[in-house]
Amino acid sequence: MNAEVCDQCGKCPSACPVTARIEGFNPRQIIAKVSLGKEEELMKSGVIWTCTSCLKCRERCPEEISPYDVILELRREAISEGFEHPASYDEAEKAVTETGVVQQPQPVRTRSRDRKDRVALGLPPAQKPKDQAKYTQAIKELKEAAD
Amino acid sequence: MAPRIGVFVCRCGINIGAYVDVPKVVEYAKTLPGVAYAEENMYTCSSDGLNKIKEAIKKHSLERVVVASCTPRTHEPLFQATCEEAGVNKYLFEMANIRDQCSWVHMKEPEKATEKAKDLVRMAVAKAALLEPGEEPEIDVNPSTLVIGGGVAGMRAALSLAEQGFTVTIVEKQKQLGGMLRTFDTLFPFNQKASEVLEPLVKQVTTNPRIRVLTESKVSSVYGFIGNFDIGVDAAGKEEKFNVGTIIVAVGAEALEPKGLYHYGEDPRIVTQAQLEEIVKVGRVDAKKIVMIQCAGARSEERPYCSRICCNEALKNALNVAAPSKEVYILYRDLQTYGIQYSKLEQETKRKGVRFLKYQAEKPPKITPETDGLNVSFYSPTVNEEMTLKADLLVLSTPLVPVTDAKELSQMLKVPLDSNGFFMEAHVKLRPIDFATDGIFVCGTAHSPKDIGESVAQALGVASRAGIPMAKKRVRTAAIMSQVDQTRCSGCGTCIDVCPYNALRKNEKGLAETIAAVCKGCGVCGATCPEKAITMHHFTDEQIQAQGLAALEED
Amino acid sequence: MKPVLVIGGGIAGIQASLDLADRGTKVHLVERTPSIGGVMAQLDKTFPTMDCSICILAPKMIECYRHLNITIHTQSEVVGLEGVVGDFNVKILEHPRSVDSAKCTGCGLCSEKCPVKKPSDFQAGLGQRKAIYLAFPQAVPLLATIDREACLWFTKGICKTCEKVCPAKAVDYEQKENTVELNVSSVIAATGFEQYNPKDIGEYGYGRYKNVLTALEFERLVCASGPTGGLLNRPSDGKVSHNIAFIQCVGSRTQTTGYPYCSASCCMYATKEAVLIKEHEPSSHVTIFYMDLRTFGKGFQGFVDRAQSYWGVKYIRGRPGEIREDPSTKDLTILYENTEIGKVEKMEVDLVVLCTAAIPHRENRKLGGVLGVELDEFGFFADKNMLTAPVESSKPGIYVCGSCHGPRDIPESVAEASATAAKAAEDAARAEVKQ
Amino acid sequence: MKVAFFPGCTAQADQIGYEASVRAIMPKLGVELAEMEGAACCGYPPYSSVSEAAWFYSSARDMAIAEGMGLPLFTLCNGCHLSFTETKHALAKDSVLKAKINEKLTREGLHYEGKAELLHVFELLHDKLGKEKIAAAVIKPLTGFRFGAHPGCHSIRPSSLGRPDDSENPHKLDDLINWTGAQAVEYPGKVDCCGSSLASVSGKTVMEIAGDKLKTVKGLALDGLVTTCPFCFKVYDNRQRAIAAAVGDRTLEVPVFYYTQLLGLAMGIGQERLGLELNQSPVDPVLARIGGA
C-alpha cells in the first residue's frame, strides 16, 4: 500500500456513497492516518467496516492508491488481531467454511404472498462442494498459513 | 498651407467596432480641417492594415497620419515605423486611443462612445496639423558591461557577455564571488554539492581575460545613458571610475531572519533551514522528531508573496535528514513543488517517509517549548483534527527578501522597485528582464525569488538583451526631448534640479542645455521653467493647446 | 555571420528570433501552422496586468514579419539536420499553402465564399473556419491557406469557388511542397506544448457533457474575438453562465494519466479567467477547486489575494470526484470534498472549466529524432543540466526555450528565449574567432 | 455455444427468479448451460476481509472446475465475476501462492492454471451473441418502454483489471435494453453503488443510498430500473418498500427487472418461467402493458 504518496486531493470521498452519509468515514482521512502510522486507531474506531466496496475510490485515485484495498487490508488485520468487528463477517465465514456457500437455498416469497423454491421453479439442485471436508480443510490450512 | 492629414479608424475586431459607430467616425473625420483622407480597418495593426496606410500615404500624398485605435504603449512604434517606410517622418504620426479610454469604458452607452471617439479623433487631428519632423540622435555604445553582483546570476551573465566578445566588470560586495550559492551545502532537486556548481564557475570568471572582478566593492555613482554610463565604484576603499555601455543588476536577495516568529532566537532547538543545512554539513542530526514549518514570514500581511524556493529547500533538507529512526514532518500551506523536477522531488520525499501535514494560514502552529521537546499544536486539514507534535528540532522555512541596499541602488540607477522591494521589470509578461530605462537590465533573485536554473536562464537572457545594443555599436534615442531657448534662459538651474534623468546641464555661458541622449522627454523641466524657455518637442505648448481647444469644440 | 534556425513561432520563438535579428544575426523562423503566434495568440488576457494578449503579442509578430533579418517559414517542419555547432546543415520542408503568398492580400473574400465549414483550431474547436481560411484576423503572415483534407477541389474535384472570387488571383491548387536547405550555426527549439485531452477522465464528462470545457476553450469563449464575441454563452443552450467552476490538476499531478507533474501555470490562469468572469459580471459565482495554490511566481500571491478579497473568487481545496449532468437542463452538479473541513458537498453550476495538464507537443518525438537530442520520460526536450545549463539540449549548439522542455509561463519562456539567443550569439562569436 | 454455468450463492439461494429467467432464455439464444458440479462460493463476501489466501482459493477452485470442463465460466453475479478476475490477476503475479493453492486443489481432484475464460452477462449477451442474435430472438419488442440501466459497481470497476463495461460511461446494458425494442435512458448517478454490502452493518445507509437512485428513476418517469446483479436487485427490488419507508416517500414505486426477465418477455417467454412472480417491486402494470402488446 503506497499510502505515503497520497496528495490528500479529496477525490476519493467526493463521490463515496458512505462519506456523505456516515459521520467519520472518509477514505482520504483513512489514507492520511495510515501514512501517519495510526492504523490501530482506525482498527479500533470501526469506520473500516462501513465501506460498501463500490470501488469508486480505487477506480479514480490519481495516485493509484486504492483506499478500498487499504481498508480490506485493515479489516484483515483487525480480525486477525481480534479487534471488534461486525458479527456478520464471522457468520458468513462460518457458513462458507462449513457449507461452501454463504446462504442455503430457501423458499422465496412471491408478490402474491406464497412461497416458491428451486424445485417449484424447475431448477436443478444448488451447487455445493462434492467433498465439504476437503474444502473446509483447505480453507483452514490456508488461513493458518497466512496468520 | 496646411499639411494633408490621413485618418485611419480601427475596429479592433469587435473591441471597438461593436460599441463605436466606426463608419460614422470615419465620415466625421473627413469633415475635419486638413483631413485629406479617412478610412476604417478591421485591424489597422494587421499587415493588411499597415499596407493600407502605406498605400494611402502614396495615393493621397499624406503628410501627417492619425490612427484611432488602441494604446500607443503597445502600437505607436509599429505605426511610426510604417509611416517611415512610406516616407513620412515618424514624428508626424499621432494616435487616438478610442479603445482603452473609449469603447472599453463605454460599452453600455454606444452613442456616447461614438461621440467621444469623434472628440478624440478631432483632438488628434488638431495636434497632427502642428506636428514637426524629429531627428533621432545616434549614440555610440561602449561594448562593455557593468554587472552589479557576483552571485551565480551575475557570473553567468558576465561569462556569456565575455564569450560574445564584450568586456565586463563585476562589482561584488563580499570578499568572494558566489553570493547566496556559498550559503548552501547541497542544491535541490538533485542534491548535488553546491561547490560542484560554484567552484568551476568562479574559476571560469576569474580566469576570463575579458572579465574584471572587483570584490569588497560597491557602486557609488552612475551617470549617463545607454551606451555611455560613467560608473563610480568604491573598490575596497579606493575610488574607481570607468565607462560602460550597459548595466546588469544581479544583486540577488537575502534570507529573512525570522526574529520573533515561532519563538525563534529564544530556544536553540528552533532553527532556520539554512542553519539546519549547516548542522547537516558538519555532522549528523541527533534530533529524532523534526518538524519543519513552511511560509515562516511569507505569504503574510507583511510579506504578501510566496518565496518560491522554500518548499523545495525544505524537501531537500528533509530528504537529507530522513532516516528510519527519525520522524520528519513538513507543515505546509500550499506545497510549491511546481513543474516536473519538483513534482518528482515531492514524490521522492513522500516515499522516503517524510510526513506532510497541511496547516491553515489563519491558524498557524503554536509552539510551546518544554524541557522534553517543543510542542507544535495546530489544526490539520489533513486529518481534520487538532494535532500536537512533540519536536526535538523545529525548522523554519523563511522567504528571500530584497538586499538591504536595493533602494539605494534603485535610486542611483533610476529604476523602480516593486511593492515587495524587489527590482521591477519593464513589463511583467513580455519584458521580464529589461528595465524601462534603456541599457539597464535585471536578472536572478534581485528580480524575485527563484532557483539557480531560473536565475541562470535570466542571466543568459540579460546577456542577450545587453548584447544587442553593444553588438549594433550604435543606438538611436527618441527625438521627444526638451530644448532650452538660450535667448530666454536665465540660468536659474531649476530645470537641472527637477530633471529625474540628469539630462540637463549648465553650459559655459551658465545657461541650461539638454543632453539629448539622456533626455526621456518627461516634460518636468518644461513645466517648471519660470521663463518658459524650454520647449518639449512633440509636446509643444502649441500642439497641446490645439488639442485642448479641439476638445472643447462642439461638432 | 551564419544564420540561426529557430523552430516554433510562439512567444518563445518570436522573442529568440527578435533578439538575434536585432543584434544583426539572420534568423530562419520555422512554424508548423499557417501563422506565428502560438498559444499566446489564443489567450484572451494575460495576468496580472490584464493586457489583451493578442494586443501585446501582435506588435512582436509583425516585427518578426517586417524584420529584414528574419525569414518566416510557415506550414513548415524541420526534416533533416546534420553537422555540428557552428556548421549545421538543415532541411526544411515547406508544405503547400495552395495560395501564392506574393499575391494574396489576406482580404478574406475566399473564405467568405468557401462552402466548406471545419472546426477552427484557433477557436479551440468552439468556432468554425472554412476550407480556405486565414488562421485568425491578426495572423502573421496574413495569408489565406487551403486545408487540402477539407477542400472540395482536393477531395472531390469540384468547386474552385475561391479561385473564381480571389481578386488577386492568388489561389494555386498546383502548388507543390518545397524543400529549403540551410547552413546555420545554432538551432533554437521553441516548439511549445499542448494540452491534455480530459476525455479519458470519464468522471468529469468532458466530451459527453456539453458544458464541460477545457481552459483553452474557455479562453476563446471569454475572448472578445471568440465565437461568442466574449459573451459567456454556454455550449448546450447559449445560456449566459453566471455560475462557473474551475477544476485544477485535470490530468496533471496524476500517475494514472502518465502526467504526474504539476503544470505550473494553471493556478494562475484559472485565477485570471475567474477574474475575467467577474469583470464581465461581478455578480457571477466563480469557484476554483485546487489542491495546492501554486503562487510561486512574481506577483502571483498578490493577484490571488486580490481575486479573493476584491473580486470574491471562491477557492475550495479539494479535487472533485465526479460531475453529473441534469439530463433536461444540462446544468452540472459537482461532487467534491472541502478538505479543509473534511466535508463532502455538492455544487450546482452552469459551466465547468477543466484546467488540464500541459503535455509535450505530439511532434516533439519526431523533431527530437531529427535533431538528435534527448527527450525526458514524458517527451519534453531534456535539459543538459537544469541548474547550470537550463536552456541547452543534450547536443551542443541546439538550445531549448519555453514550454517545449517542461511547463512554463510566458515571462519564463520570454527570458529563456533571450537566453537561447545569448547562447547562439556565443556560438557565432566563437565561429568568428576561428575564421 | 456452451458455457460452464455459475449462478453464484445469491442467485441460487434467494434470487432464483434470476436463475430461472437465465435458464429460460439461454437455450433459445443457442447457449447451452453446462452444470458445474461441486462449485462453491467465490469466497469474496466472507474471505476478502478475512484471508486473501482463502478468498483466492475459493475463486481459483471454481475457475479450476470450469477449466476442467474446458468451458468459459459464465457467472450471473458482478461480485463473483470481479472476485474471479482479482484472483486471476493475483495468482498470475504470485506463483508461490498459486502453487500453494494448487496443492490443496489436487486433494479435491482439481487444478488451476487460469485458462478458463470469464464471461459476465454483458460479455455473453452483448459481446458474444451481439445485436443480431438478440434482435432476432425478440418477437414481442418492448416498444414504448423507457428503462434506466443499472450496471452495478463490480461490472465496471476497477477498469485497471479490465471490466465488462466502461467504468464512467457504461453502455452495454443500455444497448441490450435498446435491442429489446425498449429505450434505455441516461440518468445521473448511473454508475453509483446500490449499497447492498452495508446491509449487515448499517441497513439505514443502504436504504438512503438505494433510495437516491430510485428517486432519480422515478423523477424521470421511467418504466423501471434494469440490472443483472443479484445484490443490486435484492436492494432495489426486494427491499423497495423498506426503502420507501426509510426515505419517507411512500409513493416511491419503481418496477425493477433483471435484464434476462425483460429479454425473456420480449422473446415471448411466459412470465412464470421468468420468475417474475418473485419480483417484489410493482412490476404488474408493466407486465400488463407487455402482455397487452
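Details
Note that the chains are named A, B, C and D in the order they appear, and that numbering of residues resets to 1 at the start of each chain.
In the analysis below, a contact is a pair of C-beta atoms (placed from the backbone, for glycine too) under 8 Å apart; a residue touches a chain by one contact, two chains touch by 3 or more.
Computed from a predicted structure; not experimentally measured.
Contacts with chain B and chain C are shared by A. In terms of C-beta pairs in contact, A-D outnumbers the other of A-D and A-B.
The innermost chain, defined by the distance from its C-alpha mean to the mean of all protein C-alpha atoms, is C. With centres taken as mean Cα positions, chain D sits 19 Å from chain A.
Centre-to-centre spacing of chain A and chain B amounts to 61 Å, using the average Cα coordinate of each chain.
Chain C and chain D have Cα centroids lying 47 Å from one another.
In chain B, the positions touching at least two other chains are 347, 384.
Multi-chain contact residues of chain D, defined as those touching 2 or more other chains: 167. Contacts with at least two other chains are made by residues 203, 253, 317, 339, 342 of chain C. In this structure, the chains touch in the following pairs: A-B, A-C, A-D, B-C, C-D. Per the touch definition, chain C reaches chain D in the complex via residues 202-203, 205, 208, 324-327, 333. Those residues of chain D lying in contact with chain A across their complex are 6-7, 9-10, 12-14, 16-17, 19-20, 23, 35-41, 43, 45-54, 57-58, 61, 100-101, 104-105, 107-108, 153-154, 157-160, 167, 191-193, 195-198, 200-202, 205, 208-209, 275, 277-280, 283-284. Within the complex formed with chain A, the chain C residues making contact are 203, 249, 253-257, 291, 317-322, 335-339, 342, 344. Across the complex, chain D meets chain C through its residues 166-169, 185-189, 220. Considering their complex, residues 7-16, 19-20, 26, 28-29, 56, 60-64 of chain A touch chain C.
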